[in-house]
Every structure is written in C-alpha cells, then in structure tokens.
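One chain, chain A, appears in both complexes that follow, with chain B as partner in the first and chain C in the second.
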Partner chain A sequence: MNRWIEKQRHLIDFTASSLARRKGKSLGLLVVYTLLVFVLASVSLYTHALRNEATRVLAGTPEVVLQRLIAGRHDLIPPGYIEKIGRVRGVQKIEGRLWGYYYDSVLKANYTFMVPSDRRIAEGEIVVGPALERSRGLAEGNGISFRAYSGELHTFIVSEVLAHESELVNADLVLMSEADFRRFFAYPDGHYTDIALWVANPQEVRNVGLKLINALPDSRPILREEVLRTYASIFDWREGMMLALLSAAILAFGIFAWEKAAGLSAEEKREIGILKAIGWETGDVIAMKFWEGFLVSLLAFLLGYVAAYVHVFHFEFALFAPVLQGWAVLYPSFALTPKIDGLQVATLFVFSVLPYTAATLVPIWRAATTDPDTVMRS
Partner chain B sequence: MSRPSDRVLAFTLFAAALFAATFVDAGIRRDAHEPALQRTERLVEDLRLSDLVLFTEARYTRHLSQADLHSAFQDHPVALEHFPSGSLLPPPALLLDRHEPLDREAAPSD
Partner chain C sequence: MLELANIRKAFNQGQHNEYWALKGIDLEIPPARVNVLKGPSGSGKTTLLTILGCLARPTEGRVRLKGEDISGLPERFLTEIRRSTFGFIFQQFNLVRGLSAIENIILPGYPTGTPRARLVERAEALLADMQLSHRRDAKVEWLSGGEQQRVAICRALINDPEILVADEPTANLDSKLSAEFLAILRRLAEAGRTVILTSHDPLVVESEVVDRVYSLRDGQLIEVVDTRRAWP
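For the complex of A and B:
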C-alpha cells in the first residue's frame, strides 16, 4: 500500500511540475473552470434555498382563499356571501380579507394595502413593511400621504415598521385599520376582497373546494397546496432560465476544455514518447494524466463551490440578484437560510469533475499505447 | 514540504476543508435563522398572507397564486402581457392545469 501511495505521490510530483511549467495555461484553465462551477453552484444553491424558504414560510397560508369572478375578472365579495359558505359542511373558520394595491407614482411600484386580522391599528395610523421604510425613508412616527383613487390626499402616521427578517413576505405591506381602508379605497360596506377559510379535516380540503364551486358557481377557490405548488415550480423555472442564459457559456467552456483535454499538443506527445522511451509503463502515463485532470477539476469544483456558497449566503447573491429582480423597485433584500441539498452538490461534483477527467484520459490512452518511436516522430 | 505533490495535496486539502466548512457554516446559520423563520411563518399565518414579495410591478406577479387567467391581459381586450417580471415567472400551474388543456382541445370555429 505504502509503495502504491509513494508511486502516486511521485506521479503527482511530476504532474505538478509539468503544470507549473505551463503556468499561464494551467492557471487560465483553473480560473475559467472555477468561474463556471461558481456560477452553476450559485444558481443552484440560491434557487434551492429560496424554494425551501418559500415552502416553509407559506405552509401557514389560509387553507383555501375564495375569490369571486365576474366575466373572468376578480370582483368584490358581496354581503351575504360569507353566510352562504358557512353552510358548506367541513368549513371550520371563515374570514373576509380586505386588501388591495396602491400604485406609488414616486417609486413607480405597487404597495399591498391590507387590513390585518390579528391586530388592531388605530385610525390614521399605518404599519409599513421594511422596503417602504428603506425606499421612502419612513420611520416610526413619520407621516406619509397617499393620494386615493378619488383624488383626495390621505395622511397616515407610521406606528410601526415590520421586521426586516421577514422581508420575503412583508416588504411592500401597508397595514391599516378597516375604517381607513374602506375610506381610502371607497370600499362599499360589507364587501370584502376575498375570503380566507380553514377546513376542519385536512383530507377534506379538495372536497370542500368542489362543494364551494357547486354552491357558489361564480367563485374560484385557491387551495394552499396549489399556492405551494406554484412557488415550487416558479423556482424551477427561474433556475432553468438562468441555466438557459448560461448555456452558451457552458458550451464555450465545454469546447475549451475538450480542446485542452482531448487534443494533445505536439509537445505533450513528445513528452509521452520520451517517458515511454525511458521506461514508463502505459499505466503510469495514464495515471499521471489522470492526476492532472482530476486535480485541476477537483480544485476548480472545491474553489468554485466555496466561492458560490459565500456569494449566495454571505453576500446575498449580489452578482445575479439584478437579473432576478427585474424592474421591481421594492424587491426585498433578504438573507436566505442556507439549505444545501447533498444530491445537488453531488450532481454538480459528478458533472464538473468526471467529464474533464475522462476527456483527458482518452487521447492519452491512445498516445500511450502506441510505440514511443512513432509517437515522437509523428 | 518541498515536494510539489505535498504542496498540491496540502492545497487540495485546504480547499476540501473550506468545502466542509460550508456545511458547518450552513448548520450554524440555519440555527441562527430559525427563530426569524418561525416569526415569518407566524406573520404569514397571522396576516393571512398567500404570496412572496418577489416582484411588485404587476399584480399578477406580486400575488402570483391569486392571479386569475385574465389578470395578465387586463389592460384592454386582446392585450399582450408586457411586464418584464412576466418573463421570469411562469403562469402558475393551477391556471395551466385547468385552462390550458381546455384551450388546446377546443377546436377553432370556422
């Protein structure tokens, strides 16, 4: 065993010196390779963490949200609607939700105005999300005016700013009292935006949804499971979009690596010929080249992955975030909880280390099995 | 430490140690984030929230799960969806599940 290890170490010695002789080329390859792994690992770590966070956080959304549609468009829930739902068996709790959008022409962004059901907010006061605090420079005790759709200006005092740690869900919220909400949007009394309801038996949610459609044909129930599925799939889509954009770079690297690994230069061929002439066996030559390919790709994988981890979880995905933010002004700045999928890392390892190592071996095997004299002369 | 192989192996080991450190760091940060995540979960439950704040520019991308089939084309009849975030977010599966097959199966009238 010791003899074997000693032999491999000598081979690595040789490989390292030969790489050091071609310093510029080897370093260039390592840098490009590391960058590619970095980009791929960044995208997959980010989307995986975001998908996990979304699933975890949204597990507490209402079991069913019921909307009313008129001519295919969302409409207000009229008085009497909630009572009708109360008669559907299996429904445990019903609540009318009051929420809407407000377009802020200063920031060119939409806020979500909402009446909270868990807290009382005094009239004339609002609770704002952290993105508003940041982009409009608001703080507790500050006043802010919004122009209602009727044209009047309404002034509110900020009584509280919601926690930064929950920006993923509360960034653009403006919470206000029911009276203020109805006055601001001229919302008719007794009407609601939609209805949140909870079902006694979780197995029955789908049945309750069907019963609701039968009892109220103009309604559209949205189940929690559909919300979760929506968010699980959008991150797959985003990951796919990023990878599609990167595919040109991946392809370019593939060609570069193939060229580097598969096409032996005349100098390398001569080197193999000399090695064989001075007594190296075919196995030794292949092992030496294996170490070259393996060490370069392993190092690129390790360095690229570590850099991606630091980028995603310590620097909030700063390099690619603009791509994902689009034009959304109030895009939240949130720190993701690191959630690493072992399988994902293993896949990345296999796809970054194995192909390159394999690509270096094939031409070497071909050159190493031919007669040294022919190799040197060719 | 003068042999090239020692240097190469030492550097590879160092990189591997950094790799292992990311898992340790992830564990530490996960524990540190846990209370905040729980508070966020509670906020979602208390405020009856249904969506993540990913994009605020259009209502169908702000409340993706609440968007109906027509919300992206609401500006005028036969309007085209034009918000940039629309290209980053696919229509939710629940809309496609119900409407897309119907749309595909329906034969155009002559």
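For the complex of A and C:
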C-alpha cells in the first residue's frame, strides 16, 4: 500500500513536470477547459439561485388572487365584494390587499407601496427595502418625503429597513399603514387593490377559481399554481440539470475532439516508448496519463467554478445577463443570495472531470500497449 | 546466467511479408562478463538483444534466466523481471528531453515505488561514480554526447540490475569516448554485472575488455569466441 502511494506520487510528479514541459499545450487546454466550466457553472449557479429565490417569493403568497376587471382593465375592488366571496366554499381566509406603484422622479425609480397584512405599522412611519436604503441613503430614524400624485408632500419616518436576504422580493418595497396609504394615493374608503384568498385543500383551488368567476363575472382569479408553472418553466431545476448535462456532453465532446485533433505528439510517443523500455508497465503509463487528465480537469473545474461563483454573486451575472433577457427584465438589478448546492457541484464535477479524464486515456491506450522493443528501432 | 535454446523469431508471421530474423539460436551468456553480439547489418543482432533483454518474446524456443524458463511468463511478470534484472542503454540514448540528468536517471525507479529520497541518493552516487555530479541538474539536451551516454548508463543502473544490455552503444561516440565507455563496462563486469552489447564497430569487437564475441549472420549464430581470458 505504501509502495502504491509512493508510486502514484512519482507518477503525479512526472505528470506535473510533463505538463510544465509542454507549457503551451497545457495552458491552452487549461484555458479552454476553464472557460467551458465557467460558462456551465455560471448558468447553473444562476438558475439555481433564481429558482430558490422564486420558490421563496411564492411560498408566502396566497393560492388565489382575485382582480376586478372593467373593460378588460384592472380596477379597484369596490366595498361589499369581499362579503360576497365569503360564501364560496373551500376558502379558508380572505383578505383585501392594498398596494400600488409609485414613481420617484428624483431617482427615476419605481417603488412598490404596500400595506402589509402580517404586521402593523404606525401612522407616519414606513418600512423600506434595501434598494431604497442604498439609493436614497436611508437608515432607521431618517425622515423622507414623497410627493403624492395629488401634489402634496407626505413625510414619513423610516422605522425599519428590510433584511437583504431576499432582495428579489423586497428590494423596492415601501410598507406603510392603511390610513397613510389611503391618504397618500387618495384611495377611496372600503376599496382594495385586489383580494387574496387562501384555500386549504390544493385539490379545491381550481374549483374555487371557477366558482369565483360564476359568482363575480367581472373578476379574474389568478391561481398560484399557474404562476408557479410559469416560473417553473423558467427555473425548474430539471431544466437546469438538462442544460448542465447537455453542456457537459458538448464540453466533453469538444475537448475530446480537440485532444484527438492534437493527438499524441511524436515526442510524447517517443517518451512512452522509452518509459516502457526502461521497465514501466502499460498500467503505469496509463496511470500517469490518468493523473494528467485528472489534474488538468480538476484545476480547470476549480478555477472555472470559483470564477463562476464570483461572476454570479458578485458581478450579478453581468456577462450573460443580456443573453437571458427573459429573466433579467423581471427585475433590472438585484443581488442573488449566494447559494451552493452539493448535488449541483457534484453533477458538474462528474460531468466535467470524468469525460475529459476518460478522453485523455483513449489515445494513450494504443501508445502504451506498443511493444517495448520498438524503442530500439527509432 | 542467460540461456537461449533454439530461438526463432518471425516478423509479420502469417502475412505475405513474413520474415524470419532469427533462425534457431542456442547460446549461453556467462555471468559477470562483457559479451558482444557482432555481425553485418540485418543479421539479427538487435532482434536477439531484445529477446535476451525480455523486451520481446521469441516466436519459438526457450529463454532461461538463472535456470528458470521465462519465455512463457505473462507480460506483467516479464516487465517486472525487466525492471529488476536488466538495465538498458540505447543507441540514441533515449533520454527524456526537458528533464534534468538526475530526473532521467531515477525514472526506472518510479514503478517500483521506492521513495524519491532513496532514488535521488542512489542516482547521486552513480553520477559521482561517472564524474558527472556537476551536471546533476542540467537538462539532458544540453549535455554533450559523452555526458548523455554516461547519464544513460546511470539510468540503466538505478535499479541495480544484474544484466546490462546495450544496442550499438558506441555508434554516436568518437574513439576516445568509446574507449572510456568500454572501460566503464569493464569495471561493471568486474563488479559482477553481466554486460551484453551489440556492435559492428571493430574498436569494440576487438577491444581487450570484451570477454566473448558471438558472430551472427542471416539470423544464425556462426561463431562464439572467448577472447580475453581462460574460462573456469
């Protein structure tokens, strides 16, 4: 066992020095390989983080959101509407929600003003998301004024800044009390923006939706499962995995083709002949080449993965964001929560390191099995 | 030490260009002597040497090493024997370019799993013996022909083999270096190692360091001459 380890150490030594001797080829290979891992890992980390974020967003949302339409346009929910729904069976909880958009002409940014249902905020106070904290330099206790659409200026005290951990959800939020909200937007009493309904039995959701349309023909129920499905079609991890596998296959093929094309140089073949003649077994030569493939792909994997991590979580996926416009436009700019998934890393590792290591072994096989006496005749 | 019985070797057997390079050779290599295979080009010297050195198998016949028949052994065991019993010196030296002298020398020790420190220590002793210590870390392609030759000898000796095999070792050396090389072989034989080389260089064949000369022609052994001293 000791001898075996010692031998592998020798083989790794030799391989490392061989790589160093063929700097051009080794570096070229490493760069190409690292780039490919980088692309793969970037996409994979990004989709994974987005999916996480989306799951978190949807976890707290109600099963059904009911909007009222007038002439096909979203309109306010009038008083008495909620009471009518109360009679629909299967609905566990109903809540009128108040929210709206506000355009900040100072920063040319949009905020979402909202009255939270799960907490009480004192009149005259607001709770803001991290985007506002950054862009307007707000901190707890600061005062800030917004000019309402009516023209009057309203001043609020920031009582809290929301946690950064899920920026996708709450970056541009401004939470305030119901009274302030109605005053600020001149929202008529008893009216709501939309209605949230919680349905206990998932099987019932579709039925509840149908009943709502029947009972309130001017309403449009939006089911969470439909939203989920839309999200899933973008973020689904299986799709990410497919992408990873596909790219890995392409990657392996590319490298293999490259390696094939480059092949074993005459110099390498000569070296293998020498090694065999001086007493290396076929297995030793192959083990040596295995280490070569393994070292190169491992190094490329580490470099590529770290670069991708930095790219996704520190540079906000800047390089590929334009390519993935569909996701980028959801929210123009937000920092994702850094998250590494073991299974994902393992998949990427297996599908990038193994094919290449195997690919390096194929051409070596033939060279390594040549008869040792051929070296006498070169 | 080494015995061959009715050795025949065919290349491309069964094909239209089948060629019998050795046509029935019987010989015995005595231990601790300098043996030379001589003969015209194409007579089968290199082919015979590869069989003696376990680099190739005969098509027919038996090879016995220290009384043990090794011609039927599988490849793995043959490699093992080659590594532990034989050291090789090639005409082109066959050093690995880009590696230093010392790294070339310890290469045959890698598969044995001997710790690097031990290998380096042994290699340094060999280099000192060949008066090459000062070239220890020089890349082999920067060495002169004579220096490369001596590095090749050190490499052949790193696993402490009983038998040293060399194919046309002086072909790339001038007379002075050839003479030095032969002197080294003499020393090795006197220290108990068996030396087998091929050559058609008269300087080698007629050298006084050689104990026995085997003459080959057309794949057959036509004459064996003991040149140097009386055999026990």
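Rule of thumb we're sticking to: the second predicted complex is superposed on the first by the 202 of 378 C-alpha atoms of A that agree within 3 Å, B and C clash if a C-alpha of one lies under 4 Å from a C-alpha of the other, contacts with A are read in each partner's own complex, and residues count from 1 in each chain.
Convention: contacts are C-beta pairs under 8 Å (C-beta built on N, C-alpha and C of every residue); 3 or more make two chains touch, one makes a residue touch a chain.
All figures in this text were calculated on a predicted structure; none of them were measured in a lab.
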Partner chain(s) touched by A:377 [first = chain B, second = chain C, both, neither]: second
Which of chain B and chain C A:17 touches, first, second, both or neither: both
Contacts of A:157 with chain B and chain C, given as first, second, both or neither: neither
Between chain B and chain C, more extensive residue contact with chain A: B
Touched partner set for A:267, first chain B, second chain C, both or neither: second
First, second, both or neither for A:7, with chain B first and chain C second: second
Touched partner set for A:101, first chain B, second chain C, both or neither: first
Which of chain B and chain C A:280 touches, first, second, both or neither: second
Common interface positions of chain A, toward chain B and toward chain C: 9-10, 13, 17
Footprint of chain B on chain A - complex, ascending: 9-10, 12-13, 15-17, 20, 53-54, 56-62, 65, 67, 69, 72-74, 95, 97, 101, 109-112, 114, 116-119, 129, 131, 162-163, 165-173, 175, 194, 196, 220, 222, 226-227, 229-231, 233-234, 237-238, 241, 295, 298-299, 302-303, 305-306, 309, 313, 324-332, 335, 337-340
Residues of chain A defined as touching chain C within the complex: 2-7, 9-11, 13-14, 17, 21, 267, 270-271, 273-275, 277-282, 284, 371-373, 375-378
Chain A-facing residues of chain C, complex: 46, 49-50, 55-56, 75-76, 79, 82-83, 86, 88, 90-92, 94-99, 103, 107-116, 155, 159, 167
Chain B residues within the chain A interface of the complex: 3-5, 7-9, 11-12, 15-16, 18-19, 21-23, 25-26, 29-30, 33-34, 36-37, 39-59, 61-66, 68-71, 74, 83-85, 88-90, 92-94
